[in-house]
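Supplied in structure tokens, the structure appears directly below.
A, B and C label the chains in the order they appear, each numbered from 1.
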Amino acid sequence: MNSTKPMHKFREIFFEYVFMFSAGISVLALVMIFVFLFANGMPAIAEIGLMEFIFGREWRPMDASPSFGVLPMIAASIYITLGAMVIGVPVGIFTAVFLAHMCPARLYVVLKPTVNLLAGIPSVVYGFFGIVIIVPFVREISLFFTGGGSGSSMLAAMILLGIMILPTIVNISESAIRAVPRSYYEGSLALGASHTRSVFSVVLPAAKSGVFASVILGVGRAVGETMAVVMVAGNQARMPESIFRGGRALTSNIVIEMGYAEGLHRDSLIATGIVLLVFIFIINIVFTVVTRKSAPSAD
Amino acid sequence: MAKIMRKITDGILFAATWFFAAITLLVLLFIIAHIVINGVPYLEPRLFEFTFTSENVSMMPAIISTVFMVFLTLIIAVPLGIFTSIYLVEYVKKGNKFVMLIRSAAEMLAGIPSVVYGLFGMLMFGQFFGLGWSLAAGVLTLSIMILPVVIRTTEEALKSVGDGYREGGYALGSGKLRVVFRLVLPSAVPGIMAGVILAMGRIVGESAALIFTAGTVPQIPQTLGASARTLSVHMWALSGEGHHVGEAYATAVILLLIVLVINTAAAVIAKIFTAKGSGA
Amino acid sequence: MSISIKNCDLFYGDFHALKGIGRDEGMEISENKVTAFIGPSGCGKSTFIRVFNRMNDLIQNCKITGEITIDGQNIYEKSTDITQLRKNVGMVFQKPNPFPMSIYDNIAFAPRTYGIKKRAQLDEIVERSLRQAALWDEVSDRLKKSALGLSGGQQQRLCIARTLAAEPKIILMDEPTSALDPISTGTIEDLIRELKKTYTIVIVTHNMQQATRISDKTAFFLMGEVIEYDKTRQIFSNPKDKRTENYVTGRFG
């Protein structure tokens, strides 16, 4: 027994280091992502010029005298995300309210798994659905309004992303609404308010930080989405003109040209990745602020 | 008057709630029905042959590559994620700076878009480590991508294990390792499984992170150094070409089926978890 | 084995949870006796019992000063082998905490920790421990079944058997019957009376009748201090301190 003791001690310490090392991997990975993206992207930004890169309105990487302005992509990403929010947020929040407070039990067992299924569907399947259904549909609308257009457009991307962010908004909002103490709802009923009024004017406002957090996560998902957007948005690298015309998101810019880009062109695509990262971090910070603020009141 | 107005707004809100919920349900059912109706007729045996040719765009190699990809990625990411969570939950004290660093790193990793992972994987594993477009580069990239998912769910699972097991174990003179591996981890298995299944779903659904790391070769990879396309990447390649629409529908059906299986498994495990409780 | 305590203070961060226990002439917990700790909630009795097997080590910012000697050795010295200490000083908790494994594996957990692997030897330990805990007759035909299927009282006796399997000298019991029904409580009290022939037992209890029924000596705790420590009969029939009298006669707590 005595001889096993140092062995035993050694094993305890050895594993503690194994666990610590594993935990360090996440930090290492994050650092590596920064190092590799910045090492490859920053020289390109320096060469192009930060202002020229961020605010340049021309993206013509293959020209004899190329220009690398990502403003069109930044603008398209923002427009597409905003459009997706306009479509997805009301539908998502009302659906969350429905699930939490109005849904008959028998419908719930259908609706809830369906929303979860929606969350699991791969982006490419959404993209494909966009190609075969949404794009032709938008083509019809745009024929009516503008007399033309292929349908591959920012509007198509907005509709598709609006659907894709539904599960995020619905699931997180639903938990936030359910987390509101039942006494709020009962108190409102006791004052003579109707069921609908109690839900909308007492319960929903009480859940607002959770609902807001779900919207921000939805924004993150929409900004970061790549394949589905590439497949339906048309991808023309120009300043957005109309929602019926094509636009190219930041994510799309990378996927479309990475296959053949070389030299400065390639590095400018990596720099596009840096811009995307900056967007995501801003969204993360907003998310953290919102959830921190709500933490004390949740207790 | 005010009373009537209130009745009207109540009615509108009530109707809106039902209306939007109906939209969610209908859109979903429509997507699923559309894909199933158009895809099932194309599910022919030839799509499940082991070689891909330009005449017969079989999805079998992609299915096999997907299995490889899922399996290998989980082999790397699951132990790493579990060890990380063990460290965070069982070893370090609250408020420790290192822990806060790891937590925020994991949170940030979770928010990074998959296309950025693709770029990073291409730069680090593909070029810097010279793996090129290969199964190995894809696996390593995805391992980092799903690590936060495994960490978060495992952490929750470990935290939900009652302190009674830990106290009981320590009171008998057991070391930390024995308490963690014999008492805490077994009770946390269902929760960890749920996280693993979630991670599987992400691997199966991923495409943007794989195109420039694992590449798009539609054959069964013979080595870790060979390029391979997963089912999602295959689906993307098909739908871009325009003359394989039927096959693309069929691939979508298979992907939906996989998602359905994964979701059902997760739901079943969650049910077991809540039914069993989590001990003293 | 006996325990002696000299001037023990315990802090949770800034909170002074135990104040100078054994301050003047020290406090002795005698061998093969049952010593009961009583007092109102939050008085420090459960905190104090956890000093003896260093369970407080698991709590952050917990600082202990003073001298706790078991078997002639100060257990808070650096050289103390905590594993060995906890093998010698077993503990039974308020809420039965059988591990999520079979009855057999629960009992064999401690011996396996100490490196016993032979089947025959384990079988013998399991049977002996279960018999000592008066549980053998009820479970001998289902040793391979999950321990979580037992009733609350059986689970607590299983936890006692699990502790006995480590062959301790001292057994700490932290309100071992507070989660149980009266019949199971009676069984456990009988068991404690039986066990004290072989073991030194320290029990924390909320139930004053229980203290009078099973303990030889009793310590009354109030706000982190030992107010009075004496023979149980003395404490309950003729307490020296007014506060003890108020408590044992039910005026507060």
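Of note:
Following the convention adopted for this analysis, a contact is a pair of C-beta atoms (placed from the backbone, for glycine too) under 8 Å apart; a residue touches a chain by one contact, two chains touch by 3 or more.
Because the structure is predicted, anything quoted here is derived from the model rather than measured.
A simple rule picks the central chain: find each chain's mean C-alpha point, then take the one closest to the mean of all protein C-alpha atoms, which gives B. Seen from the Cα centre of chain C, the chain whose own Cα centre is farthest off is A.
Inter-chain centre distance (chain A to chain B, centres taken as mean C-alpha positions): 16 Å.
One finds 55 Å separating the Cα centroids of chain A and chain C. Rounded to a whole number, the gap between the C-alpha centres of chain B and chain C is 47 angstrom. Across the assembly, chain A contributes no residue in contact with two or more other chains. For chain C, residues that reach two or more other chains under the stated contact definition are 114. For chain B, residues that reach two or more other chains under the stated contact definition are 175.
Across the complex, chain A is touched by residues 6, 10, 13-14, 16-21, 23-25, 27-29, 31-32, 34-35, 38, 79-80, 83-84, 86-88, 91, 98, 101-102, 105-109, 111-120, 122-124, 128, 144, 147-148, 151, 175-177, 201, 204-208, 211-212, 232-233, 235-236, 239-240, 245, 248-249, 252, 255-256, 259-260, 262-263, 267 of chain B. Taken in their complex, chain B has these residues touching chain C: 93-94, 162, 164-175, 178, 182-183, 186-187, 279-280.
Contact residues of chain A toward chain B in the complex are 8, 11-12, 15-16, 18-20, 22-27, 29-30, 32-33, 36-37, 40, 90-92, 94-95, 97-99, 102-103, 110-111, 113-118, 120-129, 131-133, 163, 166, 170, 194, 196-197, 200, 220, 223-227, 231, 251, 254-255, 258-259, 269-270, 273, 276-277, 280-281, 283-284. Of all residues in chain C, only 53, 55, 58, 60, 82-87, 90-91, 93, 95-101, 109-110, 113-114, 148, 159, 162-163, 166 touch chain B in the complex they form.
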